[in-house]
Amino acid sequence: MDRQARLGDNQYGKAEIRVMKVDRDRPRHVLHDLTVDVALAGDMDAVHLTGDNSTVLPTDTQKNTVYAFAREHGVEQVEDFALLLARHFVGTVDSVHRATVTVHEHHWERLADHSFARSGRETRTATVAHDGTGTTIRSGLRDLVLLNSTGSEFQGFATDDYTTLAETDDRILCTSVEARWRHGETQADWRASYDAVRSALTTAFADTYSRSLQQTLYAMGARVVATCHGVSEVRLRLPNVHHFLVDLEPFELDNPGEVFHVDDRPYGLIEASVLADGATADAGAW
Amino acid sequence: MDRQARLGDNQYGKAEIRVMKVDRDRPRHVLHDLTVDVALAGDMDAVHLTGDNSTVLPTDTQKNTVYAFAREHGVEQVEDFALLLARHFVGTVDSVHRATVTVHEHHWERLADHSFARSGRETRTATVAHDGTGTTIRSGLRDLVLLNSTGSEFQGFATDDYTTLAETDDRILCTSVEARWRHGETQADWRASYDAVRSALTTAFADTYSRSLQQTLYAMGARVVATCHGVSEVRLRLPNVHHFLVDLEPFELDNPGEVFHVDDRPYGLIEASVLADGATADAGAW
Amino acid sequence: MDRQARLGDNQYGKAEIRVMKVDRDRPRHVLHDLTVDVALAGDMDAVHLTGDNSTVLPTDTQKNTVYAFAREHGVEQVEDFALLLARHFVGTVDSVHRATVTVHEHHWERLADHSFARSGRETRTATVAHDGTGTTIRSGLRDLVLLNSTGSEFQGFATDDYTTLAETDDRILCTSVEARWRHGETQADWRASYDAVRSALTTAFADTYSRSLQQTLYAMGARVVATCHGVSEVRLRLPNVHHFLVDLEPFELDNPGEVFHVDDRPYGLIEASVLADGATADAGAW
Amino acid sequence: MDRQARLGDNQYGKAEIRVMKVDRDRPRHVLHDLTVDVALAGDMDAVHLTGDNSTVLPTDTQKNTVYAFAREHGVEQVEDFALLLARHFVGTVDSVHRATVTVHEHHWERLADHSFARSGRETRTATVAHDGTGTTIRSGLRDLVLLNSTGSEFQGFATDDYTTLAETDDRILCTSVEARWRHGETQADWRASYDAVRSALTTAFADTYSRSLQQTLYAMGARVVATCHGVSEVRLRLPNVHHFLVDLEPFELDNPGEVFHVDDRPYGLIEASVLADGATADAGAW
């Protein structure tokens, strides 16, 4: 006999809306190159259970709203833009009780007044979750690839019958930083805050003598919490991009930390949250 | 003055370990082509805070263990292999209190006794989380791309000032299924279970007249819960891969559902959990 | 003083036009899922040198033509569809003297009368180059991943001071086949021809005892030429997808060809053309 | 009856060798992050026809040679490194008559003496083909994404029955530059040459009022030829990354070149060679 089913958590929305906004009020144009994701939740039982779509605002409409809001309100600060959209969906659509809007911003370098080259630097992100009463703002970045060519060791680790790794007192440490941090406020100079967090991450990476990637991760997170006062918590996801010293002895060559093979897979993956003292860990989705 | 920081949730491990296991006991070889992720958590404060690595089993050792276990125990059922590894890390390494092992299996078709072609079908997944007392086993699949060329409409939806979408009574419905389902038991014929869930998903997709992708999602999940008795909950993540009917009127041609433009981005994204009656939603990470 | 410049070879067109064509004349629908590239060349000096666009048929028009032709003529055989388009552009646009049209076909498996699952098998390709007088038709495939779990050795190779590779008398041989073959005719049962070539490639791969991937490549090409009578030449590009036997001795385990590490990069890459006796090698772009 | 086959053009080698070279003679380290491809051709009939490997230098040896040469000779200029490798293979392996070595260099920005962030800028390339008597050196770049937010039109184009595109007198022009240029010499200050070509490409893109992407391409190529005296020919491959103005009229908003939808596929693709006056077009593989 068949068992009965019931609906659990659910959300829906439009993902990867690609928006190029050109500010052209002045001769010197400004670009905002964004990818936007919208996810809505609320009174959606009927659509799942019976196909009654009367509470469903189409994902196509969500896309239109993103474009229209970019024109009406500009996109100067991605956190503000995400917040504006999240409040709009919850505030104007009865069936929507929670909106989560994520904005990814891609950097361009200026060549001339209206000419640009994509910088290829990391992507900046902002995620706003709003449910009518509470609002959570998380900023972040991804694909920030950092490397120290010395000042990194890995020794004194636990061993068992499957351990063959040799200890090393000088290795390359390389990672592609994915970071998200939660703000304690809903208004701020977000760009200044972003620049401060990015600077804390890169300087802590560069100036920490590393006994493990875990230690470096914590130093990066602690630097953020210590120096960026609006940040309650930062979550870091750091793949260990392995650079293996090539054995050149068969060719009668030494290799004092000069020639490395860069490996794709597998890779170590270190993940942790670092909290400001007194802050409560956020159980929400990251 | 700088604020103090403290360590929150954390885990570490080796990701994307690529294993090809050949069973060659008989003339007719059997392939198991796996990608394995290991993540461990436990008594890891010292490594983060002081760089004391004495509780850290290297991710290189985790990789070695995966290869050695593939040889010692075989990898006949990916759920069992993941469970074996998870229990090993928690059971033998004092500092490890929780292990999460995910195995992705890639399909090959047989050409001859020891010749194969990669099938390109969906990837099968298994994730086992074990903390010494409790064990959760989730199976899954991803990249199962399904399409109905008729039998799908989208009408009667909510509208607002930003809605321009026309209603349609006949559209292509296409999605790339990502599904994960939680088992109520830790022993089963996992391959038979997988085949049953896959069959429930594809047949429900094919034989449900669709008023929305949400309705189709629920029908797929309910079919799994109804017919696969060991499954407590299934989570589905269904992108709506848009196929837009091309307007051929400028060329004096009609287009009765024959020629479509396949669009990459943006796409709708529908996510929901479907539970067996009586089952409790799982708050754990999916 | 600045040097003068002049225009060399050039072509332009629309790339990656995604077309889904549904044949729905009968209850049992048929899918043709295509990606089409168009490239045109001819009397295009003015557009490059002075910005006079009067000889330029927009790439947007090329896209429209692909969709309209899919409706008017169907896409039953990708070679015929590419030929029809190539002749159209050269025959109707005065400034266009040569057209090259490539069609990629993606496979789907039938689930029901109007339900399908994408197969993930290799992509079938057809490239037609037409210049008003001559026509060249090349068919092909890519992403056909083949593996032999035994029956492959690599020994007796040249060595120098930089050689460390050990000889092996039993290894996994795995490759992702990219093949293109040139037809001596412009009319044929292309699907039957495709099936014959694919079968020749897979069976030659499977039943050739391999002393090197080069030898296997030649056996595959020679099988095509020998058994597919319309084919004048076949070009093969075979990456050697390395599977390295894992050393399990540190764990007191043997490893008689059972557990392999699959490596991403670097990889060997073997490329060659195989010609039918009497055929002239084609100097044209492949 | 089966037809006879014969071997046509062929080459083999190791592809995507990932090398990180750290110059650490001084406290301020320097990184060279390379991906190297080697392809060899020559007396290789026996390996294809009979599996006699005695003329085949293993691709594994080629990889070893790249690492050893990086240690022995450094990789200061990628063109020189490619030339050194190409000459080595042809000069020391009897069976090798032609070597083609391609080096891709990935940029990093300095953070501190031994700390770096990957810049994400374009990839620099160098390809050297050497056959014992002749040598061709081509430099290049790829993934240089450029955008003009105004100063681009597309009007006065050819039309036919399938044309629906409207003329525009102000559009975004965006492309991802792939360029390769051939040098007339085998010794030069390659880095200075690279910087000069890159500057010619970006400034010509920025300061050319564009009537078509073809015209912009030619202007870019002509600028290179005019100002970079060692360059005989430059080949450009420019996808037209479409930015479509979003129609905001349904929402009672104008859109004076401010909000664009960035589309992934299809895209226009413009390819041409620009030659220095007096230079002969190169028929070789690009």
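To keep things simple, chains are lettered A, B, C and D as they appear, and every chain counts its residues starting from 1.
By definition in this document, a contact is a pair of C-beta atoms (placed from the backbone, for glycine too) under 8 Å apart; a residue touches a chain by one contact, two chains touch by 3 or more.
This structure is a prediction, so every number in the text was calculated from the model and none was measured.
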item: Longest centre-to-centre distance from chain C, chain (CA-based); value: A
item: Fraction-based call for chain D against chain C, same above half, different below; value: same
item: Between A-D and B-D, the pair joined by more C-beta contacts; value: A-D
item: Centre distance in Å when chain B and chain D are each reduced to the mean of their C-alpha atoms; value: 38
item: Where chain C and chain D are represented by their mean Cα positions, the distance between them in whole Å; value: 22
item: Between chain A and chain D, centroid-to-centroid distance (C-alpha), Å; value: 31
item: Per-residue overlap in chain B, given as positions that touch at least 2 other chains; value: 18, 64, 68, 162, 164, 250-251, 264-265
item: In the complex, chain B residues that touch chain A; value: 2-18, 37, 39, 44, 47-61, 63-65, 68, 92-93, 95, 154-160, 162-165, 210-212, 214-215, 217-218, 221-222, 225-227, 229, 233, 235, 239-240, 265-277, 281
item: Contact footprint of chain C on chain B as seen in their complex; value: 18-24, 29, 31, 33, 64, 67-68, 70-72, 108, 111-112, 114-122, 143-151, 172, 202-203, 205-207, 243, 246, 248, 250-251, 253, 255-264
item: Interfacial residue positions of chain B with respect to chain D in the complex; value: 161-162, 164, 250-251, 264-265
